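Listed after this line are the structures, all set down as structure tokens.
Each of the next two complexes has chain A plus one other chain: chain B in the first, chain C in the second.
Then we have the complex of A and B:
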């Protein structure tokens, strides 16, 4: 039933033939239209989720498809502001001794109060419930001022200047560090891991020394082996602009992140974002706002490495142990073979895992293995994987082994030297199904991993839902979801043809 | 081929890791679950045998009954929907066309990503002011235009087919070439009417519907299906239809073309061909899809756990979640009841497998 007319056929001549050809082309057109519609339907939720993960507010109504975070103009502006803030165009941030200018245009029709807007910096404290780290606020260190910058018709332009004076007048080598553990003296940990005492040479610096928490990023000046505190580094510079009654916002260097009070209270969550802080803000938040205060390490990053480790371990175990077991069941003759196949392979696949939940949890808890290793042990040899490898080895011609046997090879040599090299495609299929299974596994990790530093991504994400979903902060949740889907999608795109051949396992998700 | 003793020893050596882990984490666990389900175990005490009392407790537990009802409703509705939609889509797409690889990958996307990710995205889509409700509001707003277009399409098609038939050509009601002309005509008429201001976009209020709330579809006063569960059903159907459709497509390619040719000669309509040729020939695939679907959906857990407190407990609780929740309840957990619930779930699933093996024995796994 080929739809497209075969190429090279003689051009239709009679009216009837032309009529048929026209029908065929039309049919192909409808079919493609339908397929595209279906693709849009099946990819739509993902694409919408990915797009919205870039938004300041993914819950905006009506949802937009064209967003400033993906427009060249605003990405350029964000880059530029990041450079001004001293953190660079990508990372952004506000460093000591820097001045940032930000433009706001206000439409002020005749008859409305011509007063300029009021501007201020406001604190940003992440609403993270995973962990609470108090970071210094730009508001307490930088000054903000407003100057008129011309009028064109009804539109008045204003220039907001944020000036962040350094806390020391010393000059020398400038370097970034983190505030060290609390003690008698304020210390800082340098990027090379050394901890050095800080010298506070101005009253301003001495005034803030007790407000800086551990892990606070700071900038230092090094001169002759002495380290002077130049000031904390701020990831964000949140600016609030309040315009007068009757006036409306006409434009600005960046669009506001949030508008309240009938569009007169404008919040810019970060006027020194850099590209990372602007377009990928939610992604950065997923990493930064899950920082564990006890260790200073990002929980999200830990979950990601845990998931990679777990997936790798599962794949490694499956490739070795499932192929051994599958080979034995397919080719070796021994008493109890049928019983093992029926009981250990088939029956074990039918019984729902909830039955084993209680015993396995209690057992691993008693062994002190409520962690990744226990999780790995619990699903060490997948019955489904054994089944797959048994099917595969049964399909390989016997002649190969027989000739090996004639040469005097034992069962192990035969398996290792003759059979395993044949099993490439099956092993790849096994590896990717196991990878996908481990990466997406939710039930067992949820039960066996009780510490948030042990979580895998799926469990961590469901924790995100509990912590941020209630407040409707979906930016972080969507960014986390997208990040956690990327590796599986990559594996799928690369190894597509193997997926299709073993699709039976993923056909139905409970 | 090999010496007998050596072969047995090697086989058991190869199987050792598999046998040991299965014995510990499956058979021992299974046995313990059965044992616990006849005791008063609560994670902290020493289990005492109390007979089948936990089963009586479980069956009397309103939460368990709700979980059982939810699981059965979910399994039956989801399996039906996904099978029917997958079959229809496969029939519609049973053509060898260029670029199939692209569409195949696009459709696989929902089924390879984790259920956690998809559940989170659906939770977000189905918020009160979410994308799903926005689309419904848009549909309401553009309703008049859409209706005009569809009416025009049908009228134009009927007119054209009538003209063709008068001219002596055997045009069918769904003739694709004529449909293109009809669609273009209907589009032009709609645009013209919209330009003249006869029809237009309606002003509508945002469609504010709270999906994840204590809302139920009732039949005769009995709460049958909750709205949150309906959203999960939609989500599950969405994720599985593409994969199942590819199964059916594989099955369709195996139906001999001669059967359709014979049906054509007998003058069968497309519908008759679907019912009398396609569906009977797809029987093996269909039964496989249905059993695997029922078994998978009976164990639904991830969605309930991820949605968690976002929806009222009773609207979503399933058997698998009941077992989990009772095991991890704070304080002395009724683990014996959890075990009894798990055994009941296992029995239901084993019964399903048994029915499949017993009554459709010629079944081959694709």
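Then we have the complex of A and C:
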């Protein structure tokens, strides 16, 4: 019988080696612990922000990590309720002619009155950032009723039924639309942009015709070219449940969003949420509740497009101008070259941008450029970018240009055909830093942009703080912040290797 | 030489943008962003544009987002401010000092507006703005907590001592988790109580006397509410202000104005609340209160003074104010509107509006202002309140330090 040697590396035998191995492991442990700690420091607040952006009350204390908005059970329930409401499991909402059932379980210990809870719909529409449009409320159109649904031990189940009868009995093609601008007759704007007069064929429909505001989503029936009003579409179905003294809530289709009166008054801000209205409620609000009353378009969406446009323009300008200037400063000989480099590139980098605040502002104001274009002009040439490109071009061997010159290339052809193709990595690095800088730029947009339709995301987001005496609607702020962080995160994840290689090493290969 | 040529060429190319400025007469209005933007645009569309369009004047609203006072200061200095603008009463002095606000005496008829509001915008006999709307402080209370503790709701006859007794009883009956009142360590809430004693913010020489026994009385009462945790500061509940406190459902009373109504409707939709006037001081039998108000002012350098005055009159006209009131958006500054049907509604929001309106004319009501030296004036008082409410100092100690700090500050 022979003893087989252990596979792989032999275990360290001498005490010195064992000590060394322990040190190695300890060092690795420290390193990993340090990295974990650091990522907790840097990622922790962001992750908490993301988590809180899903909550009904992002400011809750103590903050919960396991929230119903992220549990499969409640997401499924929200989906199901959205389907019942007629708006689909994703978008949710309550449509005319639909019935929604919602279960509530109440623990009623022996000795407490076994009376059922009282249920009602209540008006709920958060004050939006810019719009003061009052939308129709489910309470004025739908009926709610309560039926017992069995008892198990101390827990009694109740079924809440919300019935929303349609305002017309006509049948035909059902379509969604928006109420048009106020006029002599009630009109609706169809999804294809046409505005059609509405026919109100029942007393119920005629009773509500003056209560519907412009932009109110409605459902119509089309029959033979005539459009009948089926009723408004509600984004939310807010339900209030009040249970008796001594009873406690034991469960329900969804957990309540607000509790008052010692846990006996329960508000469900939306019992037809759909997944979008439940988990991503604050995100949807960020878009929906910034609707510009003048145009009916979402301001948040406009801010996002503005930011993309600004970032794109900045990147394009930097790539073109910085590479040209960098090449000129690196290779061409002309009088005053050193002066330009020292004065316009290095000195411009040393002066904080705040110093130019007043002069640039006054100049742009006089040019009538207090808008996105002025912002672009203000940051058109990045001195740092010129410096980066100059250093890069200086690293490329002169022999390349000399051989190009022998072949008869002028300075521009040399630049365009020979040098620029080599500059890929540096251009990518430049583009990334410029994109990130433009995306996160707050100072200059705040100074220069005046109209809220011109804002970039950063300035727009700071507006979300304006509600309620500067206390802000934290749900909206967090949702907006997460949305604005996503593009930068994507850019980092996809292009992070270019951050490490600034292009200096690849230049040697060229 | 060549470079100069290029630069001027570049600038010349840009000038067509500048020429886009309109040649027609325009009245530009500056105000807050957020919901104010939608509201003022709505007012302009309904009440201003139809009239001004006939005279060939276009009216635009330019909201200043973020810190309004800062933004307006910049615009006024740059000569870029609107013809008509919001002017907050608390920062009036600084703007008056620039000389860029037009005195309105003899330009606008001021008699239909609540007198204390006109006083708030008057300096040295000159009126600088017409109140757009206003707010005062009220006691907003959670009905459920009072019901549960079987304590009577706060009412308009409460005195400092009777309110304190109610709150103390409520705290005793409900226990540790619940609190009587939310006490912000801040002049903008506490000051109303200091005024109730008859204390004056500034004496004839412009000095503030915090050693005044009347100030001390208010200070001791306010901070004394925190004893036995009857009162709680918002931060102890990880709340930012009184509205947040009420929303938790664990605080019975908050001292807030009409702005709390929309907040509660959005953030605590099932909270049952009521409103009462601030309590009266036991000795003077009077309440104190702040007037928080923002006015409409006219730029002294406006090129169209007549049109600007007309726009201001339209914005503060009776139909415009009635519309704003009935939308539940603000409390109007015209005294004639106190009998409006809206105030007789029974919903908690309308009830709050009625008491906010009533509060403007009951007891020692002063405009909310920091005086000529700006918001730093309140710092010694806020620090004193915070140190006593958090238990770091005794009231007497804190007052002594506050007076010393105030003297140093006012000598600057």
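Definition applied: the second predicted complex is superposed on the first by the 471 of 510 C-alpha atoms of A that agree within 3 Å, B and C clash if a C-alpha of one lies under 4 Å from a C-alpha of the other, contacts with A are read in each partner's own complex, and residues count from 1 in each chain.
The working rule: contacts are C-beta pairs under 8 Å (C-beta built on N, C-alpha and C of every residue); 3 or more make two chains touch, one makes a residue touch a chain.
As the structure is a computational prediction, the values presented were derived from the model and not from experiment.
After alignment on the shared chain A, the placement of chain B and chain C results in a clash.
Look at A:240: by the touch rule set out above, it reaches chain C but stays clear of chain B. When both complexes are overlaid on chain A, the residue A:293 reaches chain C alone and has no touch with chain B.
For chain A, the partner with contacts to more residues, out of chain B and chain C, is B. Shared-chain residue A:59: touches chain B and chain C both.
By the touch criterion defined above, A:258 reaches chain C but does not reach chain B. Contact with chain B, but none with chain C, is seen for A:401 once the two complexes are overlaid on the shared chain. Of the two partner chains placed by the overlay, chain B and chain C both lie in contact with A:446.
In the superposition on chain A, A:269 contacts chain C only, with no contact to chain B. With both structures placed on the common chain, the touch criterion links A:369 to chain C but leaves chain B unconnected.
Judged by the touch definition given at the top, the superposed model places A:126 against chain C, while chain B stays out of reach. Of 3-11, 21-29 or 39-47, the chain B stretch that intrudes into chain C once chain A is superposed is 39-47 (criterion: clashing C-alpha atoms). Under the contact criterion defined above, the residues of chain A that touch both chain B in one complex and chain C in the other are 59, 61, 361-362, 377, 446, 462, 466, 469. Residues of chain A touching chain C in their complex: 57, 59, 61, 122, 124, 126-132, 238, 240, 258-262, 265-267, 269, 293-294, 361-362, 365-369, 373, 377, 446, 450-452, 455, 459, 462-463, 466-469, 471, 473.
Residue ranges on chain C touching chain A, taken from their complex, read 11, 14-15, 17-21, 32-35, 37-39, 41-42, 62-63, 65-66, 78, 80, 142, 144, 148, 237-241, 243-244, 249, 259, 262-263, 265-272, 327, 329.
On chain B, the positions that touch chain A within their shared complex are 1-2, 4, 6-8, 10-12, 14-15, 17-19, 21-22, 24-30, 32-33, 36, 43, 89, 92-99, 101-118, 120-125, 127, 129-131, 134, 169, 175-177, 179-180, 206, 236, 238-240, 242-244, 246-247, 257, 289, 292-293, 295-302, 305-310, 319-320, 323-324, 327-328, 335, 338-339, 341-343, 345-346, 349-350, 353, 365-366. Contacts from chain A toward chain B in the complex involve residues 1-4, 19, 22-23, 25-32, 34-35, 38-39, 42-43, 45-46, 48-49, 52, 58-59, 61-63, 321-322, 324-325, 327-329, 332-335, 337, 340, 343-344, 348, 350-363, 377-381, 383, 386, 401-402, 405, 410-412, 415, 436, 439-440, 442-443, 446-447, 458, 461-462, 464-466, 469-470, 472, 474, 477-478, 481, 484-485, 488-489, 492-493, 496, 499-500, 503-504, 506-510.
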